[in-house]
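Next come two complexes, and both contain chain A; in the first it sits with chain B, in the second with chain C.
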Partner chain A sequence: MAQRPISLNSRPIIAREAYGLAVGFLLASAAHLLRLPLWLGALIGVIVFWRIYLAHRKLPTPGKWLLGLLAFAAAAGIMIEYRTLLGRDAGVALLVVMLALKVLETRTLRDGILLGFLGFFLLVTNFLFSQTITTALYMLGCAWLLIVVLIGMQFTGTWPGWRQPARRTTVLLLQALPLMLVLFLLFPRIQGPLWGLPHDSHAGLSGLSDNMSPGSLNSLILSDAVAFRAEFRDRIPEARALYWRGPVLWDYDGRTWTAARFVFNANELPAGEPSIEYTVTLEPHNKRWLFALEMPMQRPPRSVATRDMQLLSTTPVRSRMRYNMSSQLEAAYGADDSETVLQRALQLPDGFNPRTLQHARELRRKFNDDRQLVAAVLNDFRNQNFVYTLSPPLLGEHAVDEFLFDTRRGFCEHYASAFTVLMRAAGIPARVVTGYQGGQVNPVSDYILIRQADAHAWNEIWISGTGWIRVDPTAAVSPARVERGIASALPRSDALPMFVRGDFAFLQRMRLTWDSVTYTWNQWVLGYNPERQRQFLANIGFSDATWQKLAVLLFVLAGLAVLAGALLAFRDLRRSRNDAVRAAYERFCRKLARRGLPRHPAEGPVVYARRAAQWRPDTAQEITTITENYVALRYGNSATPQAVRQFQRSVSRFAS
Partner chain B sequence: MAQPLKNSALNGAFKWLFQWRGPERGTIVLVQRRVFILPTRQGLLYAGVILLMLTGSVNYDLSLGFILAFLLGAAGIQTMLHTFRNLAHLRISAGRVQPVFAGETAQFQLQIHNNTRADRFSIGVTGNQITADYIDVPADNTVMAQVPVTAGQRGWLRPGRMTLFTRFPVGLFRAWSYAEPDVRCLVYPAPATPGLPLPAVVAGDGEGGMAGQGHDEFSGLRPYRPGDSPRHIAWKAVARDDTLLTKQFAGRADAELWLAWDVLPPTLNTEQRLSHLTRWVIEADALGMAYGLRLPGTTLSLSSGPTHRNDCLHALALHGTTADLA
Partner chain C sequence: MHAQINAIEDQINGIILGKTQQIRLAVACLLARGHLLIEDVPGVGKTTLAHAIATCLGLKFQRIQFTSDLLPADILGVSVYNRDSAKFEFHPGPVFTNVVLADEVNRATPRAQSALLEAMEENQVTTEGETRALPQPFFVIATQNPSHQIGTFPLPESQLDRFLMRLELGYPDAQAERALLNGTDRRALLAGLKPHIGPDDLSRMQREVQEVHAAPALLDYLQALLNYTRQAPEFAHGLSPRAGLALLQGSRAWAYMDGRKLVLPEDLQAVMPSVVAHRLTAAGSGSSNASGAMLAEQLLQQVAIP
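== the complex of A and B ==
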């Protein structure tokens, strides 16, 4: 073999390596490509296939000027598309396109190795968008592939085929597992962020908002995304008791309900024995609401309870959050609310819905008692052909009028809105409460799963002497909605996410199993934050350990993990008792011996082969080849790992 | 990497640290104590990328980012073991080395034997820290590596300390080991260019009384030199183009050629003389003549053939050197 430089960093990469890098990059950025604008995805695809073509044709990579021009053009395009180069989406777009150009530029081994490393970084950026089990497994696969490509570039001799680096990578990652686990559990966690997050880093999180206009809940109901999960300590209450309280909406402008802009801080929560205890694992929704069953009896850490019983986190919920909760399902509160507060719950915009106001005045005249009036309204909803549907007709300026007297078709937001307007017009303080109702019990892990599709709006009215009590006009129209969930309440013609309906029992069951796996994943993998780390350390007996103690613990365990890897790695260094080739040859001799032709103690392989070939002319060719290969491997310099393996295989194939 | 250091204390420290122990006889086993390992620049870069991934994961609260960073970090640490293992426990012994002329490159052969169960890949062997021979050594196999060393001057050439190194599997670490097998290469003096014509052949049956093979095979023509036997002049050639050529015969026993120190012009110094004598030996051998070599203090009697040639060159190579006369 010819002499080569002592550092091979400047050697050109060859076609096979260029393919590996290009494919590794494409797979690592595949999830991003789906999110990028079409033109950018197409550009990146073209660039990468261009590189593959160049490698295939053994053509030189393009010059600096062309690359610079492409980089500039791509950056300008991103600037136009996103109006910025910063932020999550634009930043990732820029990273992906620059790495694609790096793929195109990659010429030497040094470039190739750098590209592999940057590929790892690219993998992490995928987690900004998704951290599901599927994503994790996919990215693990990509990391594996990138390591295979990196190892593949380090072979200096005969190329042994991709299988060799693939196996080496698998071994490497398996050996890395214990150390990874130790680091994951014990490496000191710091609560981020370290610097400001880009404004768009939590874009695309869905959930309830602080206002409700026609159709706003509708889009949520069509989403089967998980809002949160709740695990009950004892029993799961009946579905119709599960009102998960969220934003409380006070102000109405004739079209949109909005939350009160002032914060009522109420430090005291209803006293008394909590009737139910549970733990909520809330998906990030980039808003401050923490959902709890009506009425919450405690506040999660770092949150406030407002006077209208909203639980608000001090910062928007941007990562999955887990909190313990207790609620009193039948509590009423706020009997002593001030006149100002009650006045606000009676406000109506001027000049809207005259028929409704008229109707309310008639009702007021008929019923002196508030409760009787409410019962009458609910009775009307129940008996006057109101229909619960997700596809109501469009409503005009006097939306409540049209809904109550003409169309009579709508879903929770229509009923809640109309009911509040009626109550306020009749002089009963009322407001809209949004949140989630019901949820799906997961029999696999015994928790309840609340999807965005379970979004709901109901009402609270204030009764003198009692306080605020819940009224759900939707329940009057469609009891099924609150008892058995939205799917059973809607006509089959209404579109709903596939899994919200109870069809396909088998798929449903699989889906629930998968969700319970996801739940565990969220609890133990994604939810492992500084707080959980403290809990974990406390559980293993380091409740308030100093950092020195923790460092010692970390280093000792990490050392043990490395040692375990070392023991495995150095097992191969034992001096072999049987030379692999000789062992295979001995196997071959034994096969011949079983046929009745044992080798004489002092007989050389060549002589033995000649004798065997004469004895069994039908396999003479095979015997000769094996013997020739044996001699070449054992006494020549031609033995490469794959030649040895090939020899072993040829012996195995030799029929005895 | 391992240049001789002037500072003897530092040199001593290096000697201890890297186990430099001068030429070793027999098989050198690269025991674990002899294998050194350090991260490469790419290893540091890799660590940097992982640190970046960790920082990003803290900032954006990406649990999976932590996991990936820890997994890659742990795998990086494991590659250290793989790199180390790729070099450890190899057995090095020196192979034969062919003598060369000064100015040529001596090809030292290292026989690298792997009697462990692990296949070794991409092992570089270098003597000069500039170029290397890269080899794979499968389990239970022996592979030869070439270490070329430029022969500066005649005499014994030692390859010096050789370095075996590897970055396999990922290139994050470089493991290396030093081996200095007790092997030497004989360097003949460089043949003079252009050389002086061969000295005159003494006609008649040799005083050395060597056993020639007689007037057997015609092997070629060369320009006539005074003293050539008229019987060997190629008269046909003379008739053709008026130049005197002498026929040469392989294995001529009766042509006695003495390559002697003192027939050379006195203006030449020792090395120049050796250089001319070397050329003469090569030429005489190429012509298949019987020749003797006379050096101050050494005389090799008339003979021919490869062994004689090598003896003569051997004597020339070591002329006047005190060391290693054996």
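== the complex of A and C ==
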């Protein structure tokens, strides 16, 4: 019997382990594969199925040269595709493809175990893209599978089937649960992420921007992504009062409205008693606007208010953000705005929309009073067959002219734009305000959900002596838009995201329930920040928790959790080796091993005893007796409890 | 009981010199009711060994020299018309005996080979619609030339599986060869052999071998070995359940010959190379062309005793 131990490097991976690793890798990278360019996804698929085929046919894995070539080619491909190897997208692509090659290369047990652990790393990168409950549950499932595969690779004897490692993994994860909770709740939190996310993590977020050209709101309205959620202290105001103020647009070039830079200096908020208090949980949109009901009466922390009442965060909103707000729903402000500001709100591009300018002059002649003029214009919108639709005809160079006098079909951006032009031409300072209007009340947990589909544009005009007041020409055309939401304002034939319309009551309700679960998840898991932690600790009786106290508490509780786990594990260990004879014999072998004569795993007891007896002639008699007893007890059929106890005692007496 | 066996072993050892281990395995194979395949070059004493075993155990012995023109009837027997009784009478072939030595079995065509192999598996012969039982105990020792020699029909894997063990005698070492050269003619010695036991004793011993205890712990080890061959990539295919039974039977006989009533992992390990080597082929026939013996050795090394 040669004395070669079973080593990680020499023990080859067998087919079932290769399958397990391949499937584990595929599932852990599934979400990435959908995001990767098609050629890369296909390459990875081919590589993994190649490995499965090799395992199935028991063929050797490809050589170093081929693997090296593939790795180089894949890296070059990623370099060409992304123009970099760094950053989130390219980095993850590189990680996924290199791990796929590692799957292909996996030959020995050591490779297999390494791959299993790298799988966890791959898994975590999924959170760079999504942090929803679904992602978390899916990742948990993948982690479970990877542990099953890792445990499955540890079996040396008879293979009991996947059921046993699966059960063991489940038990392991359940045992880890208390430790996880303790760490989650008590590990000292720091404000903001510990390290910055790669710079490209926030690409592709949708939301309002600092300009509005034909069609830009239209694409937002077709998205049912969540913009933000708001929870009101008391009651939720009625829908037509919910104007969530966002970017304010001043300058018009005949086609596009843009925000003005000159107003970006801080301003005092209007004084007065707020009429409504609420908390906004804003989804990241990679811009600086913080949305609030008109008119905001306070600023969220680390933000400024501009002259035209935009709330701007000091940095782009790149993670979910929560702030308390209070607003005065009917406040006018800016009565003392300077002549420069008002001049800016009267600018019109030269050479556009002659018919509108003409019409404005006529109106001005008819009405001396600004308010009467506005009322007349809104009346025209109401009575002259204007249609609210998301699929308006295309407009040419004199867009406002064509809209007001020819097509008369459009949605909020057309009305807001046309109204402003008309006002400015009539000499009334006016500007476009974009933001969201309304929202969906979630009856499940009583908050209001604002989607991108609720994006809206309205106007403000300046009335001497009063200041800026809100006018929403869309409401004149289609009162339903501001009272019951966009779905009820549109003809049935217009395309909208499925859940924005109120059809499928059951689905709608499920959707809202799910959204409220997500909201809780965001509040308590993703949004578990230092304040929340303090709040939680205060609730359980630690009112002034410093991080030192936290650390002590953490260590104590984590220690208790580990201790409990260890006790469970020991009990499990005893149960799994209820074969007392075997346990005692292993003790005997360990004693000999400590003296420098370990038993080879594949060495039979009699052969080992002979070797040991030769090695230590002084205890030869004892060794032989113990082995004879062991053989009789374990391989015979005459084991009595007394004999077992006697055997255990003789092993204990055996001096190492 | 094993005193008798040891005496038989000693007797055979007196004729075939320096092959203690192989002789012990051959006797174990017989006790386990298995058939034996001896593979080696001509002239190393295959026939002498077969003959000596048969004589010592007091068994009837027949030798069939397999040639390329051997027909099944030459093995099984043939019906001949008897003019006096006006009937066909069956004349049993050489297979109707206790020990058949099928010499150079791979020189015959597959057709003739399969006639013998069927008899081995069923312990009975069916010719002309009539089934005739073979005498008990029935034991086939087939010898085979290494398959690379000219004019051989190698036994297919399915037929190799029917032999419980395959042995290679190999050349004697220098000491044994000197004794052989100095001593008298082996054939003359063979003629002087006296049977030690009778067929009934052998049948009883074979029954006793069946009763040797194989504990769950041992069966765990056996299954671990079988599973390893079925899963590790270096094996083209795993061991069959029949191979598992053969291993268990062989190790029971080995324990019995050692005078024990229980099977140890060591017994399994002792018989394993002879039992599994001819049933294993390496995967990927190109680069790593490990022989069955090397695979069996690896199996012993890699599988831990639970």
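Couple of notes before you dig in:
The criterion applied here is as follows: the second predicted complex is superposed on the first by the 530 of 656 C-alpha atoms of A that agree within 3 Å, B and C clash if a C-alpha of one lies under 4 Å from a C-alpha of the other, contacts with A are read in each partner's own complex, and residues count from 1 in each chain.
Here, a contact is a pair of C-beta atoms (placed from the backbone, for glycine too) under 8 Å apart; a residue touches a chain by one contact, two chains touch by 3 or more.
Bear in mind that the values here come from a model prediction, so they are computed numbers and not experimental data.
Of the two partner chains, neither chain B nor chain C is touched by A:P617. By the touch criterion defined above, A:P60 lies against chain C but remains apart from chain B after alignment on the C-alpha atoms of chain A.
Using the contact criterion defined above for the overlaid structures, shared-chain residue A:V644 touches chain B, although it does not reach chain C. Among chain B and chain C, the chain that touches a larger number of residues in chain A is B.
When the two structures are aligned on the shared chain, A:G541 is found in touch with neither chain B nor chain C.
In the superposition on chain A, A:P605 makes contact with chain C only, not with chain B. Judged by the touch definition given at the top, the superposed model places A:R16 against chain C, while chain B stays out of reach.
Touching of chain A by both chain B and chain C, each in its own complex, is seen for residues 1-2, 4, 6, 156-158, 579, 582, 637. Contact residues on chain A toward chain C in their complex (touch as defined above): 1-2, 4, 6, 11-16, 55, 58-60, 156-159, 579, 582, 601-607, 631-632, 634-637.
Residues of chain A that touch chain B in their complex: 1-6, 110, 113-114, 117-118, 120-121, 123-125, 127-128, 131, 135-136, 139-140, 143, 147, 150-151, 153-158, 160, 165, 168, 172-173, 175-180, 183-184, 187, 189-195, 197, 201, 318-319, 525-529, 561-562, 565-566, 569-570, 572-576, 578-582, 633, 637, 639-641, 643-644.
Across the complex, chain A is touched by residues 213, 215, 217-218, 220, 223-224, 227, 231-236, 261-266, 269, 283-284, 287, 300-306 of chain C. Those residues of chain B whose C-beta lies close enough to touch chain A in the complex are 42, 45-46, 49-50, 52-53, 55-75, 77-79, 81-82, 85, 88-89, 115-119, 121-122, 124, 126, 129-136, 138-144, 146, 148, 165, 167-171.
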